Structures are given as structure tokens and as C-alpha cells.
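Consider the two complexes below, in which subunit A is the common component and subunit B and subunit C are the respective partners.
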Partner chain A sequence: MLRFALLVFALSLFFPLFANPYWLRLLSSAFLLSSLSYAHNLLFYQLGYPAFGGIAFFGLGAYTFSFLYSQNFPLMLSLLSSVLVPPLFSLILLPIMLRLKSHYFAVGTLALQVMLMEIVENIELFGGTKGYALNLSYNANIIAYYLFLLALLSLFLLTLFLEKSPFGKTLKALKEDETASLTLGINPIPYKLSMLLLMSMSLGFLGGAFSLWSAYIDAPTVFNPLLSVKIFFILILSMNFPIYGPFSWSLFFEVLFETLWSNFPQAHGVLLGLGIMLLILIFPKGLRWRKS
Partner chain B sequence: MEKVLEVVEIKKAFGGNKVLEGVSFSADAGKVIGIIGPNGSGKTTLINIISGILKQDSGKIFFMGRDISGEKAYVRARSGIGRTFQIPRSFPSLTVLESLQLVRMHSGKDVSVEHVLKKVGLYELRDRYSDKLSLAQRKRLELARTLMLKPKLLLLDELFAGMNPASIREIYEVIRSLKEEGICIIMVEHVLSALIPLADELIVLANGRLIYRGDKYRAFEDENVRRAYLGEKHPSFGM
Partner chain C sequence: MEIILQLLIDALLLAGYYALLSSGFSLIWGVSGIINLAYGSFVLVGAYMIYTFHLLGMNTFLAFLLTVAFGLVCGAILQRLLFNKLMGYEPFTLLVLTFGFDILLSNLLNLFFKADVRSLNLESLSGSFFVSYFVLPYNKLIVFLLSVSTIVALQLFLKGTWTGRAIRAVSFDKVGAELCGINPSRIYTISTSIATALAMLSGGFYALLQGFTPFASGGITLKAFFVCVVGGLGNVHGLLLGSFVLALSEVFSGFYLGEGWKLVVSLAILVLFLLWKPHGVAGVKYA
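Moving on to the complex of A and B:
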């Protein structure tokens, strides 16, 4: 399975050479969604923290990139800043939020997402309600494709590493019983913080790459709560399949959404909703794939 | 004899409910102290406070002569305080072997995983996931995990509860060997038939107070203990 996955990644490297713009956009979109899912899983699957508002870091990355790039900062510096600003922001706020558990944590991060959305929409310096339109003179969608692929490969390998390594085993122990872990000499703080930083960095990077890809961002797009719903739906389905699940389901949904949208433009939302409800009924605990 | 633990005037309340009201005692190396008492007397709360899971409202805890009252649970564990739980708290997605390796990694203690597994009788089950173990096996796993801390003090919360007589006999031998190694063991236990032969002394808690400490055979001759267990007007008091 791993060899097959690595082969898919290798082939993806050459995809832009022969694919038409439609398929390139579809695959970019699938890479973005799966990367977002893997990034959210760093807290959700690994530590049991459902960051429903985690998309706030994506938005923050997108705005950091767009703001700096529109001020004529170089592309690489703008992108680097989109990676660094979200973890700095998370360091200020989330050590407090990591004291919250389960649904309290979920609601807390959601509040963060709404708060950031309100801030950027009401400050003209950040584009206000108009957002940012970026003037990109080169083939930005190809660069974005490779950035999404890089993010996906990195997050996939990180997930694989966490599944096998002692670091990942410690995360499992903390997720399954933090009190017992404490009595066995495990200090949870470095583990929680490192996962939080990794998640916010990844989401920030994806936000920056998204700005480059779409050339236009506004608050409702990059702080979109529906994107969180989509991500968590994928994560629930991938619950027992954390290595390959997020990518497989993201690809499946992107193709499904595209097919429904092109064939049933009036009813694609309803059909997609019905499909999601059916899947939840059929796989209420996600697809099971676990060693016995 | 080396004093391992000293608990001084520990008080704890949850809201208006006073669970511990000034409990003090000490424990030496190589001794087994049994803590008994009616339900709600504060036994598990006391274990939680000594292991650092709960913070006392007032009072001090000294471990090997060092004040650990403000230390976090994981620091206490690394310094050699191991504990088990009333209901075993294992990690379902880790195997027996992985659980022990994890403790060794975090405690930094040079303890042989194989030796500990053999000692508690889990060597053959080392590759089994802990959610596939029976209750008695999970209790052994908890004990094994604490042994990976190279403990000087073991806090065992109802270790024998839910075990069959054969398992109790096997664990009994393990506890005895730990005692001989000089580990101080504090056992909260309801299975008195298993506790009494092991314990050097008994402590009886009732309503958050220490009402008896001393000879294990004389505990139930003590009027305070009988009153705590049987009530004020029990006929055996001759009232």
C-alpha cells in the first residue's frame, strides 16, 4: 500500500506536464482538501482534539500571504510568513485552549475562527469586505499545484511517522488516557504544543498556497465554516484509516462534487447532502481497518 | 529504616464536601501499609493526592525527605512514585510491550522490559493489544507499567478487586517480592483476605479522618473502626 501511495506521489510530479487545466484544478483541489484533512488530524486523530475552527489558521495564512504579497514582498518571503504567523498566533492563544477538552475545545476554536473573520472583514488594511485580488503575472496555478503536493506528501509522511514512532505512541497514550499517562512520567505539554504548532504551520502554508492558486481571497472564502464541516466529515470517515483515509476520501469527494456539479447544477448541493447522510448512516464509526 | 513517604495534615474538599480532614502518616521502605475504610472515606482521594493527580487544599507531602507537595504527577512518577487505578486504565491501541517501552522512554530508567513482563506473568502476551486483555491481565499490565518506573513507592488502588483467587495468589507473590526488594507499598484494598497477610500495618480512614493506625490483627477490635464500619448502635457494642 505504501509503495502504491509513493508511486501515486511520483506520478503526480509529472501530472502538470500532460494534464489539461480542468484536471489540474481538480487534482489541486483534492490535494488541498486532503492536506487540510491531514493537518486537522494532527490534533484530532493524534490527540483527540477536534479543532472545528482550525480553518482559522488557514485563513490567517491566506491573509498573511496576500497582505505581504500585495505590499510587493517577494513570493517566497510572503509564503514563509504565512507559515510562521499562524503558529505564533496559536502560541498566544491555544495553550489556554488546550486546557479545554472535546466539544468545549471544538467550540473554542470555532469562536476563534469567527473572531478572526470579523476582524479581517472590518479592517480596511486587510482588504475589508472586498478581500484581496492578487496580481500574478506567472503560472501561479502550477506553482500552487506543487505546493499542495509538497504539503500533502509532508503531512502523509508525518502521519506515517507518527503511526510507527515512539513519539506517535506517546500521542496515542495521551489521547487515550491523559491521567494514566501523567502517572507514568509523560509530560503532555511538549507533545500538545508541538502538534498544535505543526497543525497551525501546515494550515498557514496551505492558506498561503491557496491565495496563490485562487488569486483572490476574502474572509467568507478562507474562514469558511463549511470547509471545516467537509474536513471533519472526511476525518470521521477516516477515523480508523488515518494514513490513507484522508487522501482517498478527499479525492473521492472532489470527483463526486465535480460530477454532481457538472451534471446536476440545480441540485448538486441536495444530492451531495443526501450522499453525506447516507455515508454517515452506513459508516457511523468510519471505515474500520485496524490490526487485531 | 528509611522513611519513604510522609504525609502531613492533608486536607481536601470538593465544594462543600470535606473528603480529607487533616490526614497524616508516614511509611518506610520495605513495608506494606494497607489502607481500608468504608466507601467514601477518602482512600482513593488520598492516593490521587500522593500521586499528584489531585492537588491538596492544604498540607504537605514528603517523598524520600523531599517536599513534593507542588510537583506535577509526571515529575513524581519519574522520581519513583508508581500507582495503579481502581479500574485499570490501559491504552487500547498499544500492545503490552509498547506500553512498557513507552514508560521506559519517559521515565529514563534503565529497567528491562523482558524482566518486568516475566515478573508479572505477561511475557507470553507481550504483543497483545491491551483492550484484548482480561481484567486480571490489565491489572497485571498496570502493575508492570509502574515497575518500569523503578519505584520506591507503589500506590496500589484495589489491585485485587475483580480478580479470581488464582490471579490473586500470583500477584500476591509479586507484591511480596517487591516488598523484599525494599519498595514501600501502600495498598487501598477491600479484599481483606488478600491484604491482611501482606500488610505490615493497617490504616483505617473514615469520613476523611485517620481513625486507626497499627497492628493489622487488632484493627477490628478498635472501637472507632467498628463504629465506622458497623454504625453507632450495632448490637456488638452491647448497647
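Moving on to the complex of A and C:
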């Protein structure tokens, strides 16, 4: 399975050479969605924190990149800043947030996300309701494709490492029973903080790459709560399949969403809602269900 | 000074309505532990039903009666066919299910009614009532009085009837209630049914107060969530207090900072309360 996955990644390297723009765009969005899912899983699957508002970091990354790039900062520096700003923000707020559990944490972070969206929309310096239209070179979408692929590969390998390593096992122990882990002498703070930093950095990077890809961003696009739901929907379906699940489901859903959108423009929202409900009702424990 | 008093009056009128708007959300959350993210869509379904009945020329009282009856049936079906299937699984599965339902309902409303802003202007509710310098618009005043009466009726039901006491018992201690011969699954159905009817009723009032579109549901659910977090679940004092804090923050921030900052201020208060007192100021179970 691992060899097959690495072969897919290797083939993806050459995909832009022969693919037409439509398929390149579709695969880029699948890479983006799966990277976002893997990034959210660093907190959700590994530690049991459902950061429903994790997209806040994606939005922050996108805005940091777009703001700096539109002020004529070099592309690489803008991208680097989009990786660095979200962790700073997460370090200020999320350690307090991590005191919340389960759906309180989920909705608390979601509220934070919507709040950031509203703040950004109200400040003219950050483009207000108009957002940012970026002046990019014609091959920006190909650069973004490789950036998404890089993020996906890194997050995939990180997930693989966490599944096999003692570090990952410690995370699982903390998720299962924090008090018992404390009695074994495990200090949870470095573990939680490292996962939080890794998540916010990767989401920020993806936000920056997204701005490069779409060339136009506004607050409702990059802080979109629907994106959070799509991600958590994928993560619940991949609950017992954390290494390959997010990528496979993201690819499947991107093709599905695209087909629905292009064939049923009027009813695609209805079908999307119905699809989410049916799948969650049929597979409430994820598709590869292991009885515990 | 007059302006502050006028703003306080506005906040009070709005708070009465918000208490009704959140009562159903609080009931489902308090009794069955479900955060119903499709709640706002049910409010809008109520608003569109009253709007349609009004266009058809139906008597307003009958229209509200039919809407509430439809809400009762919808709630029972919702609990039986959907929520019961996922009870006992991870709570996020229910969050995703209800969000999926929200997307479905919003898009169905959009298919039928299109995305135009609709509003309901009843001839009999136009104009205002004046007390000295202060203005009390008739529609806000009537909605306030009806909302407060509904809350009182709900309280009487929860405290004075066998079913109401059973709802509170299940919320307080499910196993204890089962030992007393109460069937929790039936109680969940009844409470979700009442909650959905309350959502649709408040939707009818929503239509009298302001314009609405099929995609306004997220904001409505957030208001209900705010009231439940700030006030706490399980008693009417919490509901009224949470509603008053929300109304105060909206009215004052809307007036002094601008409409665009209303949501930011409410969300900031929500996040602070989540961190400081996640069970609210007056939160107890339905005891």
C-alpha cells in the first residue's frame, strides 16, 4: 500500500506536463482538501481535539500572503510569513482554548474563525469586503500545484511517522486517558503544543499556496465554515483509516462535488447536504470499522 | 441619556424574542445533548411558512397554528429517523449530520423561494407606540409579549405536567429517570418535537421583525448557541440572562461601532464565556 502511495506521488510530479488545465485544477483542489484534512487530523485524530474552526489558520495564512504580496514583498518571503504568522496567533489563543473539550472546543474554535472573518471584512487595510486580487504570473497555478503536493507529501509522511513512532503512541495515550498518562510521568504540554504548531503552520502554508492558486481571495472564501464541515466529514469517514483515508476520500469527494456542481447547478447544494447526511448515518464510525 | 434608555428598551424587546428563539435550541441541547446546527434552518422554514400562508390570505392565527403543528411533526420525525441513529456515537457525528441537514434545508428553501430577501409587513403591526420620548414599534412590542407568554407557557409545561417533569428528569439524570419507569427515547422525541415547534414559531416572529433569506440560518443558530453558552442550559433565568446579554451587545455595538461590528462583539463575548464559564452563568440541568 505504501509503495503504491509513493508511486502515486511520483506520478503526480509529472502530471502538469501532460494534463489539461481542468484536470490540473481538479487534482490541485483534491490535494488541497486532503492536505487540509491531514493537518486537522494532527489535532483531531492524534489528540482528540476537533478544531472545527481550524480553517481560521488557513484564512490567516491566505491573508498574510496576500497582504504582503500586494505590498510588493517577494513571493517566497510572503509564503514564509504565511507559515509563521498562524502559529504565533495559535500560541496566543489556543493553549487557553485547549482547556475546552469535545464540542465546546469545536464550536469555540468555529466562533473564533467566524470572528476573524468578520474582523477582516471590517478592516479596509485588509481589503475589507472586496478582498485581494493578486497580480500573478501565468504559471502561478503550476507552482501552487507543486506547493500543495509538497504539503500533502509532508503531512502524509508525518502521519505515517506518528502512526509508527513512540511519539505518536504517546499522543494516543494522552488522547485515550490524560490522567493515566500524567501518572506515568508524561508531560502533555510539549506534545499538545508541538501538534498545535505543526497544524497551524501547515494550514498557514496551505492558505498562502491557496492565494497563489486562486489569485483572488476574500474573507468568506478563506474562512468558509463549509470547508470545515467538508474536512470533518472526511475525517470522520477516515477515523480508522488515518494514513490513506483523508487522501482517498478527498479525491473521491472533489470529483463528486465537481460532478454535482457541473451537472446539477441548481440542486447541487441539496444533493451535497443529502450526501453528507446519508454517509454519516451509514458510516458513523468511519468506513473501515474496527470494533473496539 | 435618552438615547441610552431608548437603546436599553430596544435591547429588552429584542431579548424577549431571543429568549424564545433560543428556547428550542436549549431544550434539545439540555435534554438530549445534541447541538442542532440545523436549528436556524428550522426557524427559517417557520418564517417562509408564515410568509407563504400570508400570501395565500390565510388567517394569521391559523397560519401560526399550522406552522407549530408542522414543527411538532417534523421534530418527532427528526429525532426518530435521524438523531436516534447516531446517539451514543462521537458527538461530532451529530454535528456533521445536523450541518448536512442545514445545507439541505437552506438549499431546498433556495430552490423554492429563491435567494431574494423576503419580509412580512402586516398592516395591523405598522406604526409605533410612544411613551414620552421613547419609541416602541408595534411589531417588536407584540413579538416581545407573545415570546414572553410562550416562555411562561413552556415553563408551566415543564414544571406542572407529568411529561414536563419527565423531560427535566431525563435531562438531570437519565439512568435515574429510567429507574423510575421513564422511557428516555420517548422523552427525546417529545423534547425535540417541542423544540422544533418552538423554532418554527420563532421563525414566524422573525418574519415579522426583519427580512430573511434562505442562507441566514448560520447567524440564527449562532445567536441561539450564544444564549445557551452565556446563560447556561436548563433554566429560564439563564435563557433570559443570555438573551439580554446578546441583545445588549448587538444593540449597543450596532449603534456605537456600526452594524458590521455587531457579530464580532457577540463572538468575542461568546469566546470569553466559553473559556471563563463554559456552563454559563446560571447553568444547571433541567432541574
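Details
Definition applied: the second predicted complex is superposed on the first by the 287 of 292 C-alpha atoms of A that agree within 3 Å, B and C clash if a C-alpha of one lies under 4 Å from a C-alpha of the other, contacts with A are read in each partner's own complex, and residues count from 1 in each chain.
In this section, a residue touches a chain if its C-beta (ideal position, glycine included) is under 8 Å from a C-beta of that chain, and two chains touch if they have at least 3 such contacts.
Keep in mind that what you see is a predicted model, and the values were worked out from it rather than measured.
Once subunit A is used to superpose the two complexes, subunit B occupies space next to subunit C without a clash. After the superposition on chain A, the angle subunit B-subunit A-subunit C between C-alpha centres rounds to 80°, nearest 10. By the touch criterion defined above, A:I186 reaches subunit B but does not reach subunit C.
In the superposition on chain A, A:L26 contacts neither subunit B nor subunit C.
In the overlay built on the shared chain, the residue A:L134 is in contact with neither subunit B nor subunit C. In the superposed model, A:L197 lies in contact with neither subunit B nor subunit C. In the overlay built on the shared chain, the residue A:D177 is in contact with subunit B alone; subunit C does not reach it.
Once chain A of one complex is fitted onto chain A of the other, the partner contacts of A:K169 are limited to subunit B, with no touch recorded for subunit C.
In the superposed pair of complexes, A:L256 makes contact with neither subunit B nor subunit C.
Contacts of A:V114 after superposition on the shared chain: subunit C is touched, whereas subunit B is not. After superposing the two complexes on their shared chain, the closest approach between C-alpha atoms of subunit B and subunit C is 15 Å.
Interface residues of subunit C facing subunit A in the complex, by the touch rule stated above, are 35, 82, 85-86, 89-93, 95-97, 99-108, 110-111, 218, 222, 225, 258, 260-261, 263-264, 267-268, 270-271, 274-275, 278. For subunit B in complex with subunit A, the touching residues are 51-53, 72-74, 77-78, 82-83, 85, 89-94, 98-99, 101-103, 105-108, 129, 132, 145-146, 148-149.
Those residues of subunit A lying in contact with subunit C across their complex are 50, 52, 96-97, 99-100, 102-104, 106-108, 111-112, 114-115, 118-119, 121-122, 225-226, 229, 232-233, 236, 266-267, 269-270, 272-277, 280-281, 284-285.
Looking at the complex, you find that subunit A touches subunit B at residues 166, 169-170, 172-173, 176-177, 179-188, 291-292.
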